[in-house]
Amino acid sequence: MSSIWGNKIKLSIFGESHGEAIGVVIDNLPPGIQLDLQYINKQMIRRAPGKNKLSTTRNESDLPKIISGYFNGKTTGAPLCAIIYNEDTSSKDYSILKDNMRPGHSDYPAYVKYQACNDYRGGGHFSGRITAPLLFAGAIAMQILQKYKNIHIGSRIKSIYNVEDDAQLKNINENSLNNLKNMDFPVLTLEKSAEMQAEILNAKENLDSVGGIVESFIINLEAGYGEPFFDSVESRLSQMIFSIPSVKGIEFGEGFNISSMKGSTANDSYYVENEKVLTKSNNNGGIIGGITNGMPIIFRTAIKPTPSISKLQNTVNISNMENSELQIKGRHDPCIVQRALPVIEGAAALTLLDLILEREGELLWKI
Amino acid sequence: MSSIWGNKIKLSIFGESHGEAIGVVIDNLPPGIQLDLQYINKQMIRRAPGKNKLSTTRNESDLPKIISGYFNGKTTGAPLCAIIYNEDTSSKDYSILKDNMRPGHSDYPAYVKYQACNDYRGGGHFSGRITAPLLFAGAIAMQILQKYKNIHIGSRIKSIYNVEDDAQLKNINENSLNNLKNMDFPVLTLEKSAEMQAEILNAKENLDSVGGIVESFIINLEAGYGEPFFDSVESRLSQMIFSIPSVKGIEFGEGFNISSMKGSTANDSYYVENEKVLTKSNNNGGIIGGITNGMPIIFRTAIKPTPSISKLQNTVNISNMENSELQIKGRHDPCIVQRALPVIEGAAALTLLDLILEREGELLWKI
Amino acid sequence: MSSIWGNKIKLSIFGESHGEAIGVVIDNLPPGIQLDLQYINKQMIRRAPGKNKLSTTRNESDLPKIISGYFNGKTTGAPLCAIIYNEDTSSKDYSILKDNMRPGHSDYPAYVKYQACNDYRGGGHFSGRITAPLLFAGAIAMQILQKYKNIHIGSRIKSIYNVEDDAQLKNINENSLNNLKNMDFPVLTLEKSAEMQAEILNAKENLDSVGGIVESFIINLEAGYGEPFFDSVESRLSQMIFSIPSVKGIEFGEGFNISSMKGSTANDSYYVENEKVLTKSNNNGGIIGGITNGMPIIFRTAIKPTPSISKLQNTVNISNMENSELQIKGRHDPCIVQRALPVIEGAAALTLLDLILEREGELLWKI
Amino acid sequence: MSSIWGNKIKLSIFGESHGEAIGVVIDNLPPGIQLDLQYINKQMIRRAPGKNKLSTTRNESDLPKIISGYFNGKTTGAPLCAIIYNEDTSSKDYSILKDNMRPGHSDYPAYVKYQACNDYRGGGHFSGRITAPLLFAGAIAMQILQKYKNIHIGSRIKSIYNVEDDAQLKNINENSLNNLKNMDFPVLTLEKSAEMQAEILNAKENLDSVGGIVESFIINLEAGYGEPFFDSVESRLSQMIFSIPSVKGIEFGEGFNISSMKGSTANDSYYVENEKVLTKSNNNGGIIGGITNGMPIIFRTAIKPTPSISKLQNTVNISNMENSELQIKGRHDPCIVQRALPVIEGAAALTLLDLILEREGELLWKI
């Protein structure tokens, strides 16, 4: 399977951090979609490196070039391929990493899996950089969901390192999600934002890194999407979200917390309002039995601290199988949570779009 | 997709809680596998209902009958179908549930998805009962992994309701995993076991239910399995584990906890011992960049309290779209955590077997 | 992949000729379909053995028992499993075939592929008998296509051995296709039917067998189904039709014949009639660029003579790797063309249904 | 599914005839393969247009640029993307074809399927030009099969228009296949070659086109590959071959001819030679029960005359739904058979490589 995903819409992502280019083929996009390139680029920029001192100084425009599947300002229905050429690569930084496996990085498992043939420069195909084409595809999906289904996705940073924002998003609606989407560092409580950013800079100064938790919200997906068992919405979303590098946990609704509730509290009671079935609580995060129930989908994603740190680390030299020490030079983010956040949204959007196309077919958007 | 799973080995599970039978077709099992039916049945019995007062009184032998793909005591390589006939069904209990949607259950989303045609008796195809054929397939996978790869899987209950067992499994090896596997209620700390069981019985008395967290360990899977991105080991395992009803969260290694570590702590340093690459800590739970690194795979699964409770609940009557009240009769578990535990192990085993067959092909076991 | 098929609707077929049972799981059938069991059984009977002296004397009712996915006379949307128990097996007949590979049969390649573990009795999972559950699934698909899309499928025997029926079906419509469907031995020219049947009986008397060509017609599938390249309608249909044992060739429209036409003749000119786009000729058999153009789909399937013959044959004994001789006892058909014909129709129906569900989604049949 | 193919190795092809570029992503290529770019380019040149007066004057180097998955002269195991930029496009030629549907071309079905949004210039994504990246992937597969498995594929033109070469390839071996592969116009009988080419030029002069039949041979694929039913070798090969534009028929071994044989003739008797099981005849073309038997795989592909002809044709104007006339200007091939031939070989090679990787895993080529 590798780098191909999807039941109906299909993605094939390719490229390496320091190769010639990275990109994506999106297969089975419905025809006739007018892409709002400004919106898409805005999403790309949310993830882009080099924006401020919170992230790596690698500076790339990272705006993709569409080379197929797009004609007269609309998708054609044929595979849409988009490419981002690698501009600001500095491969020299990575040359000593060929033999010394970076802790927390894919270097060693990739060495074994690919029998020493993997492109080790900057993590190669494992680089977080490959999430740029994933986000590009995701931004197209977001745009389609908004325009044709009024589905909106937003996220907030729930914690960075040990700074947690306990506030809850009370009113999950288009406005509140758009507000989050327009923030550079989307947090519910502004004081927490400052504390979190301070921790990131603190980690940077100490040649260290921090992780965090992202909480995501999806509204207006109607009841009835998903499947029992292997294609449950949780199964589909978790498969996708865990493909984002550095993700180590996911939970839906109350998640791990629901395991310490009583059934009488955990069960979301139904009631009828304006001829619609709603639930009073939403402990199940909008998904029951693997299928949407019409309530907002809520999930949290745990992201580990950036494995690239400049501190001296113990490791092994794979060429002589001896213990060694390593100090990673190069440029890296002290924290990737805020850059991963739009990727999570895009990945979720792709999953929802796939679920919708499976259920409703390709003719959703009749001209 | 629905009830079919797998890249190489393929499962198709079928059946409803109160229909004629439930079962599974396992496609692409390697030929020549001598099934240890005693071992398989032992796993099935771990999940079986009616064993003691902790679970539902529904009493079924639940031992599957193999009707294809098995010849002269060995798998043939052709699809292996196994069927479990439903014996102890009491459909009357469920008749009033046709219209009144049980909170926390799939009733309402299934009603919408299947346009009111779903078999609502006992949850139909959504019933936890369908995990019996899943476990049957999983037990075959477990047996194959043990015999041909020395891979072992074990789990412990980490928490029930608010009783948490803080002990850690220090020595993760065949012995310690087998010990857990032989316990009816596998917990590391015996006093905690008593407390947990007391909470289950307490919930039962109060017509309520509780959930919990299962921690699972997999040893001896070598480095190099899995894929970057969409078929990362985390993606594959989470997709599978979330197909088990009532699961609401999963985390690998330190999981959500890793998000509050510094990179310098979170990174698992490599070292060489006996010409093998190992890591000092295992905060990544044996998976880096989506690929196994040879260390034990560790993951935790959050299970919600059984949604079926006998307390009076508010809900809606879907036939007249009015608010209603519901008291679920029938037989149900005050806690499913201990019954879900072997299913989690079986589901994980299937995932690993699929990863291995993808990487190593069908000729793994040459005669 | 093996015995699982489909993009949207999914089949998993299982069973062996002389095992306990054969069957099929049909996944993702739309909910709410009232099955016309009489129609389905009628299709099954068209394929059933033992009807007359043209086919094997093996006599089985072969009517499947639905054990899941069907509730209150309608499909539920959950996997529908149907089982046919093997009643009239006489395994003794096949015991000497364990070592002596039957020419023209799967015995030898199956021996290699499954490393001698395959169920060799009557061809095991390779038996033409496994087309019974395939036809069962196909008959459901046929019924759905007729009821909801007015799509009809019919076939005629174009040749048996060297007897060819040169007549062409001039008016391809519901009537003419139903007429064919109601004939035991569907041929356009009745005198040819007698000649063909005489050749079959002649082969039987001579302990030999014959093959033939089936021509199939599908009407009322609108333009726009299928894909360029790998999921062209020809790709999808041919993949499916070649899964029917003994098929060795397939052609669409004028097929091999079109290769000796000039472009100016081969091209099907368009014209407009009643605001519909039609073509004057139909040399492309209703498919252009892999996609339907609204004209009848026409394809021909070449079926080889039954490999089971009672004549003495040269072969090898696989246990001692020596040349040997073999006389197959058992019961077998002197010709399977007339029994394969409804299976071809059913297989085509499944393919079309899959194409339609992919394009139009699961909500095609709203209640 | 659309433009993605494969179980183990995966292809995603993209691009339009007159867009910016065409290309392919090849996923799951084993790591460590040294590509023989000279060999690959040689295969590309066999298909390339503009070589001589038998084909279109469109002149493009058509040599692909690898932009990922290739490092230090070897495949990395990560997705390999290759791009061919469209150089010699002359879109003006095609502008009047927007409304007037070319007979025999995908224009009309594509118009319906993609709801008028398809790139109509030169057939867009349906263009035979998209077979260039397919052949690129196929040439890599050919090279791998040759190097690691000694599998060779060759083809000859069996007929062009009504000129048939009745000669049979008696000795199917590496030499004879290489001889064919080195011929510009590979035919067994040289006089026939002249006659065939004369017919092509004759068609060209008359503003018409011709088709033909290609016969392909594969040697040294051992017994045991493929599956019963849906993934039979015939199913897999036919699915792939029918994705090549203009293919209308395929047959294996004696194909349609086997339907007029007696079973006693059609059955390929086994015998033992040098401890290998062989068959005397090869009427089944190396495939029995969907699985290879170790004999050469032989299949024939029927290719229709190029639909692009310069003669005046009747058609419809889709914008006003009226009958119209059309004279196609542009550049086109009077015959594509000789250019399709290497594409057929490449497509077959991809299919075999996929079968082998499925059976033998990714570790086939250990470093």
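A few notes on this one:
Letters A, B, C and D name the chains as they come in the text, with residue numbers starting at 1 for each one.
FYI, a residue touches a chain if its C-beta (ideal position, glycine included) is under 8 Å from a C-beta of that chain, and two chains touch if they have at least 3 such contacts.
Just so we're clear, the structure is a prediction, and the values are computed from it rather than from any experiment.
Contact tally for A-C versus A-D: the pair with more C-beta pairs in contact is A-D.
With respect to chain C, maximal separation of chain centres occurs for A (centres as means of Cα atoms). A straight line joining the Cα centres of chain A and chain D is 39 Å long. Work out the mean CA point of chain A and of chain B, and you get 27 Å between them.
In terms of their C-alpha centroids, the spacing between chain A and chain C amounts to 46 Å. Taken residue by residue, chain D touches two or more other chains at 1-4, 13, 78, 113, 125, 228, 358, whereas all remaining positions touch fewer. Within the complex formed with chain C, the residues of chain B that make contact are 1-4, 10, 12-16, 19-23, 25, 27-28, 31-32, 67-69, 71-72, 74-81, 83, 113-119, 124-125, 366-367. If you check the complex, the residues on chain A that touch chain B are 1-5, 7, 11, 13, 101, 103-106, 108-110, 112-113, 123, 125-126, 130, 134, 159, 161-162, 203, 208-213, 222-232, 234-236, 238-240, 242-243, 245, 247-256, 258-264, 266-272, 275, 277, 279-280, 283-285, 288-294, 300, 302-309, 311, 313-316, 318, 321-323, 358. Those residues of chain A that touch chain C in the complex are listed here as 8, 78, 228, 357-364.
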